[in-house]
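Below: one structure, written as structure tokens.
All chains are identified by letter, namely A, B, C and D, in their written order; residue positions are counted from 1 within each chain.
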Amino acid sequence: MTDWLEILATPLPVARAIEFVSATTAGGIAIFLGTTRDDANEKGQPLAALDYEAYADLASRQLTELAHDARQRWPILKLAVLHRTGRVALGEPSVLIAVSTPHRAEAFEACRWLIDTLKADLAVWKKEIWSDGTGTWVDPHAHI
Amino acid sequence: MTDWLEILATPLPVARAIEFVSATTAGGIAIFLGTTRDDANEKGQPLAALDYEAYADLASRQLTELAHDARQRWPILKLAVLHRTGRVALGEPSVLIAVSTPHRAEAFEACRWLIDTLKADLAVWKKEIWSDGTGTWVDPHAHI
Amino acid sequence: MTITVKLFAILRDKAGVAELPLELPERATVATAVETLLARHPSLRPFANRIACAVNLSRVTGEAELKDQDELALLPPVSGG
Amino acid sequence: MTITVKLFAILRDKAGVAELPLELPERATVATAVETLLARHPSLRPFANRIACAVNLSRVTGEAELKDQDELALLPPVSGG
């Protein structure tokens, strides 16, 4: 298996993912971790956590397509794309991309393209959980 | 301490470096690992390892300047730049860059700039060790 | 015919249900299914023009025809990562 | 005056020495120091036009003047990462 693609409900196994993409044919490994950034809502309440929900069947299929498309564009040796669901504490990663390629430029480009495309397409939704326990679904485009 | 800059003779502490740059103010962490790629010399001998040598006093000063320059250009929260010396086995990392920023574009740009600039400037030299034990210093520009 | 509708994230919260069966005339389109659903769950109407649809895990447009037993998912704009 | 010369990587291997003292006239330049060294270690001459120099950890050009006790490092093109 050259791709590790998974929607998972547990903390992201960062070290294992990096080990997974390591290869003696690789000159570079680019990794991106999307982490939960501290924030406050309009009432001044601090963010307590994020809740991620996925349409797991669709998201899994999308990850397969994403990996396929990335491999068409760059000489990827090994690839890991992991997205977490459930509650994610501040500062913790919710998404991980790790790509190994023969040369570093390709690793950076593929990694960047993967996270940008994933964020635009993947069937995952994020709810901000505030300190009083209330939640707000994140609307990426506007406020309804 | 917000920057972890080190020339070190032991395997790179990848997991600790990622933990080091994690922050609740970070939206993204970009990481680059430069790894030893398998190769063969003109006699067809496979590469066995790489030996890295540093002018440690100068390289340490250069890392400080590099971190300072990167912080002038991007809103970096935490930064780790580690370079290994001594023998590095195939597939293992010799250099690590990890950058956390509020938004992902900045993390990618800073990480890319740091590795490109480091590779052009840092007082570190690489010797290819072939399977017969002979070594060749890598000449980045031409063959003498 | 009967299809299964799945609702996610804010759509599920507003409708108060994650999955429901929907009776439709034979060869009804996705647009018809969505309109039928909005009539039953008016709380979803403010989101109508930004809902994407997938049938059996493939993205579809409103003109796509449905068949018995299809799984129609209503997806609000994604916000993962 | 006496300075200390440090050689790295291929330069050290070719010269067979990592560090050596070099006697120079007062206010000698870096270029003079390098030329004195090349005369003593001809094996370094093929690298002459690609050697960078640092004095006391700062990059310098050939015109820089040296002073007693300076540490002059001769750096082949870097290849780290």
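In the analysis below, a residue touches a chain if its C-beta (ideal position, glycine included) is under 8 Å from a C-beta of that chain, and two chains touch if they have at least 3 such contacts.
Small disclaimer: the values here were computed from a predicted structure and weren't measured.
Peer 1: Spell out the chains that contact chain A while also contacting chain C.
Peer 2: none
Peer 1: If every chain is reduced to the average of its C-alpha atoms, which one ends up farthest from chain A?
Peer 2: D
Peer 1: Express in whole angstrom the distance between the two chain centres, defined as the mean CA positions of chain C and chain D.
Peer 2: 74
Peer 1: Compute the distance, rounded to whole Å, between the mean C-alpha positions of chain A and chain D.
Peer 2: Comparing mean C-alpha positions, chain D is 50 Å from chain A.
Peer 1: Counting in whole Å, what is the centre-to-centre distance of chain A and chain B, each centre being its mean C-alpha position?
Peer 2: Comparing mean C-alpha positions, chain B is 24 Å from chain A.
Peer 1: Which chain B residues sit where two or more other chains touch them?
Peer 2: 34, 115
Peer 1: Mark out which residues of chain D touch at least two other chains, giving numbers and ranges.
Peer 2: Where chain D is concerned, no single residue meets two or more other chains.
Peer 1: According to the definition of touch, which chains form touching pairs?
Peer 2: All chain pairs meeting the touch criterion are A-B, A-C, B-D.
Peer 1: In their complex, what parts of chain A are in touch with chain B?
Peer 2: 14-15, 18, 22-38, 90-93, 100, 102, 104, 107-108, 111-112, 115
Peer 1: Considering the complex alone, what residue numbers of chain D touch chain B?
Peer 2: Result: residues 6, 8-10, 13, 46-47, 50, 54, 57, 73, 75-81 of chain D touch chain B.
Peer 1: For the complex, which residues does chain A have touching chain C?
Peer 2: 34, 52-55, 57-58, 61, 83, 94-95, 115, 118-127, 137-141, 144
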